[in-house]
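See the structures that follow.
In the two complexes below, subunit A is the common chain; its partner is subunit B in one and subunit C in the other.
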Partner chain A sequence: MLLRPESGAAGALESYAALVRRRIVFVGAIAVLVIVAFIIDLATGPSALGVSDVLRGLYAPAEAERATAVIIWEVRLPQALIALLVGAALSLAGAEMQTLLNNPMASPFTLGMSSAATFGAALAIVLGIGIPGIPASWIVPVNAFLFAFGSVLLLSALSRLRGTGGDSIVLFGIALFFTFNALVALTQFMASEQALQQLVFWTMGSLTRASLDKAALVALVLAVVVPFSMMSAWKLTALRLGEDRARSIGVNVSRLRLGGLLRASLLTGVAVAFVGTIAFIGLVGPHLARLMIGEDHRFFLPASALCGALILSLASCASKIIMPGVVLPIGLVTSLIGVPFFLALVLNRREQI
Partner chain B sequence: MARWLVCWLALVAAAGGSVFSPAVAEPIVVTDIAGRTVTIERPAQRILLGEGRQLLALSLIHSDPVSILAGWPADLKRQDEETYARYSKKYPGIEDIAIVGQGSLDTFSIERALAVAPDVAVFSGGYGPSVKSTDIVSRLESAGVKVVFIDFISKPLENTAQSLTILGKLVGREAEAKAYVEFYNRHRQRIADRLATAKPKAPNVFMHAHAGLGACCNSPSRTTIGAFIDAAGGHNIAADVLSAPFGQLNLEYVLSAHPDIYVGTGGVHLIGKGGLVMGPGIDLTRSEETLADVVAAPGLSDVAAVRNGRVFGLWHIFNNNPANFLAVEVLAKWFHPELFADVDPDESLRELNDRFLPVPMQGTYWVTLTPSREAPDAASP
Partner chain C sequence: MSGDTALHVERLSAGYPRRRVIDGLTLAPLQAGHVTALVGPNAAGKSTLMLALSGLIKASGTVRFGGRNLLEISPAERADCVTFMPQQLPQGVALTVLESVLAALKAMPVAGLEMHGPRVRAHAFAALERLGIGNIAMERLSRLSGGQRQLVSLAQAIVRNPRVLLLDEPTSALDLRHQTQVMSLVRSLAREGRVVVVVLHDLNLAARWADHIVVLKKGASAAEGDPETALTSAVLADVYDVEARVDRSADGHLQISVERVREL
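Presenting the complex of A and B:
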């Protein structure tokens, strides 16, 4: 029990302050774990470069041997950074969507955003359809981003046709999911064997497409989106009490939803564009955060982002360790580790989320 | 009276038939790559191909390969427009061959395949039906179509000669097949013998498959196109860590393995995708430029072989092509330039074109990046 009934208002305030302190400590602790995971990720790889070599190479790149500097700056650092950033982006998107739609199954993946992104990528890979004038190596990410973003615009347009109920958005999202999957299957059917292989690899997700400028772009999107998310935090918390109650205290729910979905689509679009589809982060990250922190979105949102970053960072380590020298697609790893983990979470759940 | 006449005519016809074409009565028995024994009554007249690109194998031994095709998938037309156009020019009938699929197993239509009434189906894995496609095989066989497996892709170096021999028997061109097999074996033997006697130190080779396509570094292990590395006296660094036939190497592993030689593979399927463009109808300059672009990518440009200027490009489609001995010759020359100083793959290609191919292979099938080109700031002349 956190609230002691015998204490008065002062006692309640004090225990609330304690609760806030505890949540801050929790968020801080996850942040520390994320940093540790990031360093482990940086220190993991098929060549014998340990933590100290990596840190020295990062601190003083000019002094490091050329091969070492290349391994650190061109291979390990971009991948480790993009794992953190994409994990955070997908998980934050999932957290907002779960609240906005009042549905624990909502995530960028269950509502068709990633299927749309895959379709965009498939158009580029299989049929060579893309925005003219874009360099060859950017056609696929740009297509993926545009389709993920476009799918959310479609989703909100559809939902405005028929009120703004969270459930109808979820149903529309599922319809989009199946539609885009069917379209992807259609392009696969038309694809040559080589294009098909490339598409399959793309959909399995990979951090090896990372580069420092791509990581910077994801960081930029996060930096733009996070302040807006945090500004909406109390409204999101109010929404957890129910749509009617939120309305009664002055929250414009449909605007909140539209803004949140746009943020989620930006985050998902940029993440999926650079690493392909990585399942489960957007679903498991928020649930993990909620179990530890609860519903107060001032803490829940950053905790979700950090949990996502942590999971993807650890998955990145695993993908390098399982078969040394070979890269396992990261989407495979998150799904294989994510599924049992997710099941354990659901089975251990004591109360309704 | 009329009946007697018919009988007499029939007798004469039978006698005449046996005199003028004695082979008719002799059934043809072949043991295919899958170890199945297949008997056909006479040389195949209506062949169904599992992969359109095996037209090239047929053309090595048959002067009019299009005339004996009843149906094929559209892979050659879709994926190698240049070659298709050249064949089409020489054999206009190519347009009339029935299309039974788009060049993938999923689009292979058994109904269309049966509708073209083939006498023999020749399957070769790859884009088309393989030994595992039991449904397709059993349906064809129950309709009386013989199914024969050949292979140039899964074990290219072991199965190429046998596959040509099988094809030669099937289409009644045994002598032509024998001539090609002798030519092929002579070229293979030249490399193998010299490696066996000289026993040179095998350089570490990094083969970058479909170079420039997607993230680095897709690489074959010991099968498919990777098989040529061992045969040419190289050591494939992917074979040390890959258990699957194909996989994505960690760029860090490639960097730390310090390969002596970089071989990118490419083809026309990489046009517009930022990859190495090579193959039929592609000029040398374009291949050189795309290869230079590929190895200029961050990380890749620091691989030891690239820094030391030992960068080469190979046509990927040698992975499913009866002329794969050319790939072995080229690789051997790159790996051991002194040992194979007298081997001239260009001359071998010329001989292949002159002696065997009705439609010659023309284009860029191998390319060496000259050191001046790979310097990132060097202006190309």
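Presenting the complex of A and C:
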């Protein structure tokens, strides 16, 4: 097994350099696909505005008809931007969580962060409970964010009680998932007809509440979080070699884990706050990136974010195309398309092993 | 070389919540340049001792190296001189061999080593070549055999060029040829002036390659010294509950053969 002729250091280092170049090209290619999906997303919708109309409307808003400009600037653009940004946020959160908890099933959705955020939103919608002094239109998103954040703090506190292993965190996460889902069901039970409708909309996930300032806020959170994620890239890659090994070379794994989970809750909180619960992006995005690009986190993290952006953009297109004239809640689309896609992915992987 | 280069273990206590495995263990100095083999039956505390020496579990007492107590310095400072190789690599990791060794090198800076550019990659590759696995540098970890995985794991440890190298059963998955190759490498790593501690289950391998042997029983040292002092029939009877014969082979190495299990 070890008797193959040596290709020599120069050859091996050259093929490593080629691998790195290939990965950069790959990340660039996904980025191009994201832009294409974004443009298609802009050009689809119940009103008949094609690519050229939309691009002209964006480029020279003054010349466009007023109705057209409103559709483009207040509906299509914010929704397409939010789809892109939320997809990136959820997928990046999922990628970091999967590495930090050493579990391929970890994601904002499966560990109860999304459920916690939904419960926070439900409290605001149904019972009007929120932080005093927050403007009425922001109570729901702020609550969603605070609960996502709180669920992560609870998760780390619980796991600290029992040692910091990744496995126990996953079990606690599943417990949180069911607890918060039950609490959401309870508020639904108590809700008035009108609040219930709003809540159901929330739990299904929808882009219809998108606006440009919300998109700007998600972009801001991403801009703050991504540099910290990238600074931890080598440490995260080393963590994939085993927790004992990472710690033995001096990586402070508890601090890495706490920081990463805080970043994930920030991303999840802001995402869920504006679009409701969207499952599977946080799970499928990282898986897709891992299959294509491996787990060198310098490439894996950006590739995960881009894959998430791509998937949610395409899902947004699909939500408008599947039933002409009707925009389906995007959370339904990702779940319905996501499940078979995910199964195919898992089965395919099994074969490879 | 100036000063004391040995690793001193004094009154070391370590274990897990509600279960202390090692209680007040003091060992003769573990000399730099020597291979120390840690042997003993299952649950004797070998792995616990390794984890305590590498700072991965809470321990009290003194582990003195280069004038400092390793138990009292920060993980980053400790990692500067001590590297621990766990028994196994995790499964299902989507990295190539070279990437994994680079990650072990670049996750935390190594004192006195440039961390950027082509030099660092050449350094990582040199670690692979030293173990004779340069040819699988671009192979995925998931495609490797058990023996190759163990060699890669060892490469991840030696790439940081530690002055204290702690290896937990580095030969358990290797065939005879690779066992010999790895133990001979372990010896040459020690001869370069490192403290090397190796957990071994195979007493013949320990007798053949170690300069110094520590036999652990229930968290305490049952015997220590060169192979001849530490591996006697009496010690083996006491520690393993077996009747064993210790002979000397034609080339001068000890050979241990177990005759029967002692009645308890």
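For this structure, a couple of remarks:
Keep in mind that, in the parts below, the second predicted complex is superposed on the first by the 344 of 353 C-alpha atoms of A that agree within 3 Å, B and C clash if a C-alpha of one lies under 4 Å from a C-alpha of the other, contacts with A are read in each partner's own complex, and residues count from 1 in each chain.
Keep in mind that, in the parts below, a residue touches a chain if its C-beta (ideal position, glycine included) is under 8 Å from a C-beta of that chain, and two chains touch if they have at least 3 such contacts.
Source: prediction; values computed, not measured.
When the shared chain is aligned, subunit B comes close enough to touch A:326, but subunit C does not. Within the superposed three-chain model, A:244 lies in touch with subunit C and out of touch with subunit B [touch as defined at top].
In the superposed pair of complexes, A:67 makes contact with subunit B only, with no contact to subunit C.
In the overlay built on the shared chain, the residue A:223 is in contact with neither subunit B nor subunit C.
Looking at the shared chain after the overlay, A:46 reaches subunit B, while subunit C stays out of its contact range.
In the superposed pair of complexes, A:208 makes contact with subunit B only, with no contact to subunit C. In the superposition on chain A, A:347 makes contact with neither subunit B nor subunit C. With both structures placed on the common chain, the touch criterion links A:193 to subunit B but leaves subunit C unconnected. The touching residues of subunit A, counted against subunit B in their complex, run 45-48, 66-67, 70-71, 74-76, 128, 135-137, 189-196, 198, 201-202, 206, 208-209, 211, 320, 323-327, 329. Here subunit C touches subunit A in the complex through residues 51, 54-56, 75-76, 78-80, 82-86, 88-90, 92-96, 98-100, 103-104, 106-108, 118, 121-122, 125-126, 129, 132-138, 140, 142, 145, 147-148, 153, 156, 160, 178, going by the rule given at the top.
The residues of subunit B lying in touch with subunit A in their complex are 75, 78-79, 102-104, 106-107, 126-127, 210, 213-216, 240-243, 247-253, 255-256, 269, 272-274, 298-299, 302. The touching residues of subunit A, when paired with subunit C in their complex, are 1-2, 4-9, 12-13, 15-16, 19, 102, 104, 234-235, 237-238, 240-242, 244-252, 290-291, 294-296, 353.
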